[in-house]
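Multiple structures are listed underneath, in structure tokens.
Note that chain A is present in both complexes that follow, paired respectively with chain B and with chain C.
What follows is the complex of A and B.
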């Protein structure tokens, strides 16, 4: 087993995930958090970028605070490929020995990082919402929602290196863009041969969800407390009348009241609307991690002790379904 | 086609209660179910068996009582069930879990053509075991598939990932984790359940059968450890209002007006 007998493990690495706008934002957020962690450890942040013609990203990561950017640029890396990436990145980790390695908890991050951690025989925590360095041991404390999201678990990887974590998008703030910033560029020699067992035949933008959820100014979220699919669907009419988007908690998705692309939270989307109305949701952390970025949260729930009220700016204790139908009635009359 | 479906018994999601004093989960009175996405994986396996022939084997690692989940899967139509259980398996992280499940699958003769898992569980929610099991077995993986087709000697699968719809061709043997929407799990008839619980055979494999050492599994075979559990920080301290639905609606409208979501005229 690969224990950390030698003290050779040093540096914070961030996986440069750039395929779409949101993935790239998480990378920038992780550079910013990585700088903080690296400062405490007296080390630096390296962003690892794999792909074809990826220099614009290397420049962007430099401007956002990376101390070093490691680039593996090759035409056969044009598409993301899990096994090829695992082969290349595991070689790099074994030769450069970073002590911490972070990736965004994007769909790709969550498909690639577990396999990489297994290849390296090290620990991985999923979808972290906080990261800090333990002052005594220097270990990375990885906080992740546990037990159905009611609690946070602080996880350590005491004996294996690197300490790996995927991080929930939107929990850390990116640094501002500094065009004067410089970073060390590293071009490692690695053995590249592309994956053969999984061949990408086609890739096209997914049209199914209206991608608007993440950018909506108003988001209306319904939970299981709304009682039925019909009641949940009032949210769509309200969203249409008020100019917003509809999100859902996991129990709603599991009941088939709406499609999975509307799932908010740990395994779904994160939203940052100006106003978020959350109706009939109890407030499990697995859901609330997805709404942390909302400016104002209004919660409607029957249970006055529901945890959702602790993260609401205005909490209405009452029957969500009735309040929504009264609101709808009023709006229909006026508009 | 021989298919292995990895399932997990989990507490029924909406009923999870946490003892906030002791920071533990309250299991009393909480029903256990097969993880919902694992039911979807099982349904996909049964569908492929119907089209292509072959067998479906369900497998889980867990305490003795998780045998219930296997019997339920057999009632749904699985041909075989294997319970990986041993006191040493307790406290495993995903690294150690994938080692045990991987060892069990490697022992199968013939080696399965396809291994299916749910993309993630509703209790621990990491989504790690699928890809880590694929690595343990050295087979290709695609996570979160929404369609599976057979094309000659390969699989053609669709995946929605980070805003892209990707289509892949994957060689056998392979591991896929499935997403919601691939299949709707069938209703299990009461008679089938009764039969599965009374007479179906569930094999049990432990450390000895899998030829593993105690330090490779469970807590001691894990790379991660839980330092502590705590309540998440409370960020907002808003006002909480009670009253009739009418009062609450007026309050909501007033708030939406103050936030410029509604015009005063509209709100009447």
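What follows is the complex of A and C.
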């Protein structure tokens, strides 16, 4: 730790991913985790915000615990363009030298951060589910599912800086909003203008509902074990009757049974419902990393040895389609 | 890399020199004769800006003194008018002197000030810059505690 700090690498940075805010709260969660890491390293958390008219976000990040907010605010940054962002942020990193740099494992973070890491010639651990500081070396331990999700790998970046990681939304808890908080504001004089190879012609917001899955108190998840698209769609009827939301595993998405925005797990969303019913899912780590925050998990699977039962609070051994049909029938009569 | 530094409040800020600031003070707050201008810190729970000042025109003639968003001395007969989200002050002839407008965010407030203000020597101390102001001369651009209380 000391060696790298002596070389000028110091501080924890969080990339301010404010698109789809307030639904997407991963930046606030990373600020909270960053505070913990920074306290152990004796440094501070800085949130980096790029865009146009980003004042409200700078204030939000301050309220949620940022020690400093670094802002590059310019009309030409109103629309995200990966080349522009990589060029600007790499200049900032090389100049200010943060030792840790975190971003949400959102669609945005997954595109932007690997390119940035390549530009900076450093490592990146994607889709982390835990971050700790090694007490002896001061290195960031980046835990991420590896080898097809069969195990969790602890990854270190001992020789290059910054230590970069993306983290799933919902893995860490955000701090409460403190209106009394203040933070340092830093306005770097960075070179914004350059000839870009890609020009944005227009952008169109995704019309699908945002935040439903992440905020839902009841989530019903279907896996390939449901057997067909028609069977999977029983979950929507159940969700309507019970007031919940529907999630899906990767094989279901690949089969085209529902839209990708419902994907849960390592490459999808993370949820924290009070109750989660998971039907016809085997329990692969790629999926279960997205449901670790559920208070109560009810699993339905015909295989009594399915890994999903290891994390379930209540397990039902049986054909998922049959169980869901019976449940639906009961509910229709009762409601 | 060069950079500028300020302070940001989670609750309310002013836009000055294209930077957020919880409050700023130009000149000497206790001066009875000289120019001064205070955009004071707005504490959590309150949502109105807190503007005070002793203002002159470009000839160096005293125009008005104000405190807590109200005119307290007014030898030139300026007029203060409420606006949606703020207020503006006009010279007796109608031309605008100062405009104060607060934007409401989901969890906070940003006040933009517009105007051209001078000191007794006719030197520019405040002038418009994009959607805020640029300030000149002696001052504190990021106050850390509230200056005036009712």
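One rule holds for everything that comes next: the second predicted complex is superposed on the first by the 316 of 335 C-alpha atoms of A that agree within 3 Å, B and C clash if a C-alpha of one lies under 4 Å from a C-alpha of the other, contacts with A are read in each partner's own complex, and residues count from 1 in each chain.
Methods note: a contact is a pair of C-beta atoms (placed from the backbone, for glycine too) under 8 Å apart; a residue touches a chain by one contact, two chains touch by 3 or more.
Because the structure is a prediction, the values reported are computed rather than measured.
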**Prompt:** So, on chain A, is it clash or fit between chain B and chain C?
**Reply:** fit
**Request:** In the overlay, answer first, second, both or neither for which of chain B and chain C A:110 touches.
**Result:** first
**Fill in**
Value for angle(chain B, chain A, chain C) over C-alpha centres, in degrees, nearest 10, is 130
**Request:** Using the touch criterion from the header, give the chain among chain B and chain C with more contacted residues in chain A.
**Result:** B
**Request:** Scan A:153 for contacts with chain B and chain C and give back first, second, both or neither.
**Result:** first
**Prompt:** In the superposed arrangement, which partner chain does A:179 touch: chain B (first), chain C (second), both, or neither?
**Reply:** second
**Prompt:** Looking at the overlay, what does A:293 touch: chain B (first), chain C (second), both, or neither?
**Reply:** neither
**Asked** So, A:227: does it touch chain B (first), chain C (second), both, or neither?
**Response** neither
**Asked** Now for A:63: first (chain B), second (chain C), both, or neither, which partner does it touch?
**Response** second
**Message:** Just to be sure I read the superposition right, which of the two partners does A:317 touch: chain B = first, chain C = second, or both, or neither?
**Reply:** first
**Fill in**
For chain B against chain C after superposition, the smallest C-alpha distance in Å amounts to 20
**Prompt:** Both chain B and chain C touch chain A; at which residues?
**Reply:** 22
**Prompt:** Quick one: in the complex, what on chain A touches chain B?
**Reply:** 19-20, 22-23, 82-83, 86, 106-108, 110-112, 114-115, 117-119, 121-127, 129, 141, 145-148, 150-160, 195-208, 211, 218, 224, 242, 250-251, 253-254, 259-261, 266-267, 274-275, 277, 285-286, 288, 292, 296-298, 300, 304, 309-319, 322-323, 326-327, 330-331, 333-335
**Message:** If we count contacts the way the header does, which residues on chain C are in touch with chain A in the complex?
**Reply:** 1-11, 13, 15, 18-20, 22, 44-45, 105-108, 110, 144
**Asked** Any idea which chain B residues touch chain A in the complex?
**Response** 11, 13-14, 16, 18, 20, 23-25, 36, 93-95, 98, 120, 122-132, 134-136, 139-144, 156, 160-171, 174, 179-181, 222-232, 234-246, 248-249, 251-253, 255-256, 259, 261-262, 265-268
**Request:** Report the residues of chain A in contact with chain C in the complex, numbered from low to high.
**Result:** 22, 55-56, 58-60, 62-63, 69, 73, 91-92, 95-96, 177-190
